[in-house]
Amino acid sequence: MSKLKNKKFKASIIGASGYTGSELARILVNHPELEIVNITSESHQGKRFSELHGQFSGIVDLELVRAADVEVSDLDVLFLALPHGVSMDFVKKWEKSGIKIIDLSGDFRLASPEVYEEWYKKKHTYPEGFRNAVYGLPELHEDSIRKASLVANPGCYPTASILSLAPLFNALDVDPAGAIIDAKSGLTGAGVKASNVTHFSNVNDNFKAYGIGNHRHTVEIQEQLSFLLKKSVNLQFTPHLLPVDRGILATAYMGVEGDMSQQKLDSLYQDFYQEKPFVRLRNQAPSIKEVRGSNYADVYPFWDDRTKRAIVITAIDNLVKGAAGQAVHNMNLMLGLEESAGLDQVPMQP
Amino acid sequence: MSKLKNKKFKASIIGASGYTGSELARILVNHPELEIVNITSESHQGKRFSELHGQFSGIVDLELVRAADVEVSDLDVLFLALPHGVSMDFVKKWEKSGIKIIDLSGDFRLASPEVYEEWYKKKHTYPEGFRNAVYGLPELHEDSIRKASLVANPGCYPTASILSLAPLFNALDVDPAGAIIDAKSGLTGAGVKASNVTHFSNVNDNFKAYGIGNHRHTVEIQEQLSFLLKKSVNLQFTPHLLPVDRGILATAYMGVEGDMSQQKLDSLYQDFYQEKPFVRLRNQAPSIKEVRGSNYADVYPFWDDRTKRAIVITAIDNLVKGAAGQAVHNMNLMLGLEESAGLDQVPMQP
Amino acid sequence: MSKLKNKKFKASIIGASGYTGSELARILVNHPELEIVNITSESHQGKRFSELHGQFSGIVDLELVRAADVEVSDLDVLFLALPHGVSMDFVKKWEKSGIKIIDLSGDFRLASPEVYEEWYKKKHTYPEGFRNAVYGLPELHEDSIRKASLVANPGCYPTASILSLAPLFNALDVDPAGAIIDAKSGLTGAGVKASNVTHFSNVNDNFKAYGIGNHRHTVEIQEQLSFLLKKSVNLQFTPHLLPVDRGILATAYMGVEGDMSQQKLDSLYQDFYQEKPFVRLRNQAPSIKEVRGSNYADVYPFWDDRTKRAIVITAIDNLVKGAAGQAVHNMNLMLGLEESAGLDQVPMQP
Amino acid sequence: MSKLKNKKFKASIIGASGYTGSELARILVNHPELEIVNITSESHQGKRFSELHGQFSGIVDLELVRAADVEVSDLDVLFLALPHGVSMDFVKKWEKSGIKIIDLSGDFRLASPEVYEEWYKKKHTYPEGFRNAVYGLPELHEDSIRKASLVANPGCYPTASILSLAPLFNALDVDPAGAIIDAKSGLTGAGVKASNVTHFSNVNDNFKAYGIGNHRHTVEIQEQLSFLLKKSVNLQFTPHLLPVDRGILATAYMGVEGDMSQQKLDSLYQDFYQEKPFVRLRNQAPSIKEVRGSNYADVYPFWDDRTKRAIVITAIDNLVKGAAGQAVHNMNLMLGLEESAGLDQVPMQP
């Protein structure tokens, strides 16, 4: 795909009110090869984007339009920043137009509509979409993403969890039943909607687990690790809610039989992640603020010789590498742009 | 032990500047059967306790004295709220006097001076102390505590971790190698000392793991669970640092072979913790604020039939059930008082 | 009023779901002279109180009843923990029964229904209630409160603001137009209801002003200071929202003409607040955590000779001294109990 | 000043360990016209910058050098990110070399060494520096900054405070004694050093005032407003410590006599700040997260007709507009670059 010099690609963000919508705007507004043509909102149509998100005052003052008013023939790429269950209808509507679509919802991440319906407890209205949808984790599926017209952007927990264990599942004949992922997420993962869950005083100075044994992201992680292991995977995933805005930290435990050492573990990870610009292998446990606001995934593999387990800790910003940043990464691949174009945000610490 | 009516037991708090010292004062000042006679500090001697801890203005204005000036013959009980490595010298000095001593440091929690020296990397100066020291977790050792004159008050992480798994290790022939405890603690666990670790901007809106594979509390947990299992235990323990003041949440994973169900798991826990006033068995995952400021340990056992694992989540306030409150509980037992005297703090939420 | 020995007074809390309701329960459950007989909720009727507020598991498991099912003839005192506009109907319903009522809403705090309607933009349905209602700030109106059957419990901001300036308005002929109160409150002041305002990510790591120039508490402060000054008061009050759960800090500025000094200012405050058990005059600026969870108001008067202004800083816990604790203080006075009965909570810091 | 195409200006950051040092790196690493040649640290010399600040792993891995090893003849600009009292010696050492210097400390912000010594309680070792130093608030002194070789970058509180009141002091004959600035800052304003002040549990869920009546920034604000008013100014400034990392919110109160209205106030501010790219006039009170991570100052002027006061609220990120971002803005002006080059960071909310 090529553009005349100085001609920018044109994008639309479908869904303005959530955090993925505003985070996409934060990244795309400084993307060197792209222009945001419109942003949609059904409930806030007519307002300016900056009225919804005050931080964009004077930066993105676009008037919000309805999705029905988006003319896809004028566009190169669509970002669907919508809840699951809603997104599928828009994919259905627009997929045939040939426009590149990046769907940030969970609607096309899984292997089939049947698995979707089992874990999301919801009828899928566009099963055909699964045929072309590519799972948009560039560290695993770069080639398919480059050719895709529909990318299902990974979930935030799965991004951190899969990156933690992929090198082990790829290289070794591990026992998948031994894998435990104890994950902790900032509150933005719960979305922008006001509820008991998101009430400040239920979160501040507090901490708890949720979705124990049955969180939807479990199956997404299992499917991708199965793909690497070439064997069915049934693992343990437990999410927790951190009193922070952004960030996921996954602590993954994996028993490894046979001959292993810190050095071998390091090599395995280095080999797997070389040439992957957004994975930073660290030699000490990363904190979530060390990646905050950026597209980096900081991965720290630790070998515990006493218990014969690998403990792998991965930190990402759930809104960037876990959502909007990864979506832009996928877009760069789909449009044949520089892989890291527009993704040079330095992590904001403190 | 008995006292004349209206005559209160007399206590001294050795070590005023840390969080366990101030938390002991918070609890003891309202204890119906006890009076704080003095509080010591080597570095702040001469100041008032309320100058160090402004919240006590008008409540505890005692002038701080040096430990050397404490006359134990006037006292019934001593609380040592000192760092490990310092506490042992005071135990050595005062143990023979016959006074009841509750040591909140790690100096006498382990099985032997040898184990101590291996994990604390420090020479123990009073190995004789181990002979009489009783591990002060009342849910496991109530009878020994009642007779003890030296109680080693458990560590905060071990309290939450052991309470999570004790019923399983007590009743079943579990494989201890399968146990993983992924624990998360508020910052007060790191102590009152100013450092990079405790700097606000390194903690706020942040999260990380530390002590991976080698935290000292690992061996303390292993010893107590070995005692229940009657078999050596070698388990995984990973602590993390939460951006909150107080609270520990332990998420413990334990594979269980054979016939198990949610109902059986519940029965096991109910049997083990009946008559234990400070363990509250919950039917949903507790948050740390639901126990904040109180001596409760909220324990939630969950059976995951898909993975054949028990996942047990325990929430405590690290400064109360994990330190000062448990110390007062131990004192009540040692002095023959009502088990829960002075420990009626309702958790402070929000 | 007197009770037979061992016979406790009986109270009902009308309105269980909000923070004032749960905070009343936290205090009253340990009150030596009182028993909570029932707690009401229209929307959660039939649930246990501890299902709504998990921290009360095993402590207050009362089943919630509807207000219509409360039999006031069995009770000594009613706490109305209801929103303004709702409370007035219950006062109307129960006032004639002769039961002691403490209304924690804003419905009867102001001088007249007319002032209420101007600032609350709402028709008052029980103007007669103003005749007997006493403004329940014990530091100003102790004698009236002792005799009252209906007490209007002060607002949280007014409590901190009035205590900051009362000694000046009482003793000096100050120019009230010069008074500026810049106040900052924790999020619980915004209530338990989920909304954009209370969404964690709009509050965490954030700070803003609101209600600039027109917050309802302005007139409440003005009325009480007018009462002391015996002159109409028109002052400036600006509230701000802190990313904390509890606590109000008021920074009050008051130009003082003529002869003033730090020493004179201190005397003025000492004289005014002597014999007031819950006001602690401090000699340095208090932080909100130094009063958290307690009924104390920490007041620090500072004289700035360079600008000829008194700057008075007051810290309270908005849910205790600013709501439930003050309500219990009022109840103690109304029932002839020890003024500080049940209010011995030590501030929880950290 | 001009550079050959593709040739970048060369900068050194003197002082790596503090927040202004790391924030300068965060901004400069993406500046289109500039290259960071070296970063210095006396105490961490030999380490990589990314070892000190993990967020820069793989981004800025420069080895830290000692200031003595910096060769200024190879450089175009020096940023001094040093504590006050230290910076002056480096200005003395390097000023004569003709290199552009931007000093982020307080050493050359005030009118004279005498005023410095009075408020900073410290002997000034380079009084000559005051002759050429220009106060680097571009909204007031753009022309002088363009010609300057030594710029004293403003304090964080003064930046927010002066921007709040400058249009009033510039246009009206206000009574300066009536000005009160009640300011609130995030903890990073207290610096990177570990101390009681910066200990997490003294800040988290807490709030307090400090430096009441005597904070050093008072005189800096007074001097700049005197410059506009052409009259000596003696105003009130009270700082407070917020439990957040970044951000200052200044609430400024200014009585205005004569004919004023919201509309007139707005015009005054619009006139003063037109053509100022980093001041955003808002029509509602800004929160600090709406500017976080960016160089914007959001200013909201409100007219309270009831009290005849202007209340002006300004939000900045203390580390960007209050330090490193403003320093880069000054550099752009000094080097003749586009005013906003490298300063396109979108505020990070949430």
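Things worth noting here:
Order of writing sets the labels: A, B, C and D. Residues in every chain begin at 1.
Rule of thumb we're sticking to: a residue touches a chain if its C-beta (ideal position, glycine included) is under 8 Å from a C-beta of that chain, and two chains touch if they have at least 3 such contacts.
This structure is a prediction, so every number in the text was calculated from the model and none was measured.
Comparing chain pairs C-D and A-D by the number of C-beta pairs in contact, the larger count belongs to C-D. When the contact pairs of A-B are matched by residue number against C-D, A-C or B-D, over half are shared only with C-D.
For this pair, chain A with chain C, the centres built from the Cα atoms lie 46 Å apart. Averaged C-alpha coordinates put the centre of chain A at 36 Å from the centre of chain D. Centre-to-centre spacing of chain C and chain D amounts to 40 Å, using the average Cα coordinate of each chain.
Residue positions 19, 188, 201-202, 204-205, 243-246, 286-287, 289, 292, 350 of chain B each touch two or more of the other chains. Residues of chain D that touch chain A in their complex: 19, 22, 25-26, 29-30, 53-59, 188, 204-205, 245-246, 280, 282, 284, 286-287, 289-294, 296, 298, 344, 346-350.
Across the interface of their complex, chain A is touched by residues 177, 180, 182, 184, 201-202, 204-210, 212-213, 234-236, 238, 240, 242-247, 249, 251, 253, 285-289, 292, 302, 304, 306-307, 309, 311, 313, 315, 350 of chain B.
Residues 19, 187-188, 192, 194-196, 198-205, 243-245 of chain A are the ones touching chain C in the complex.
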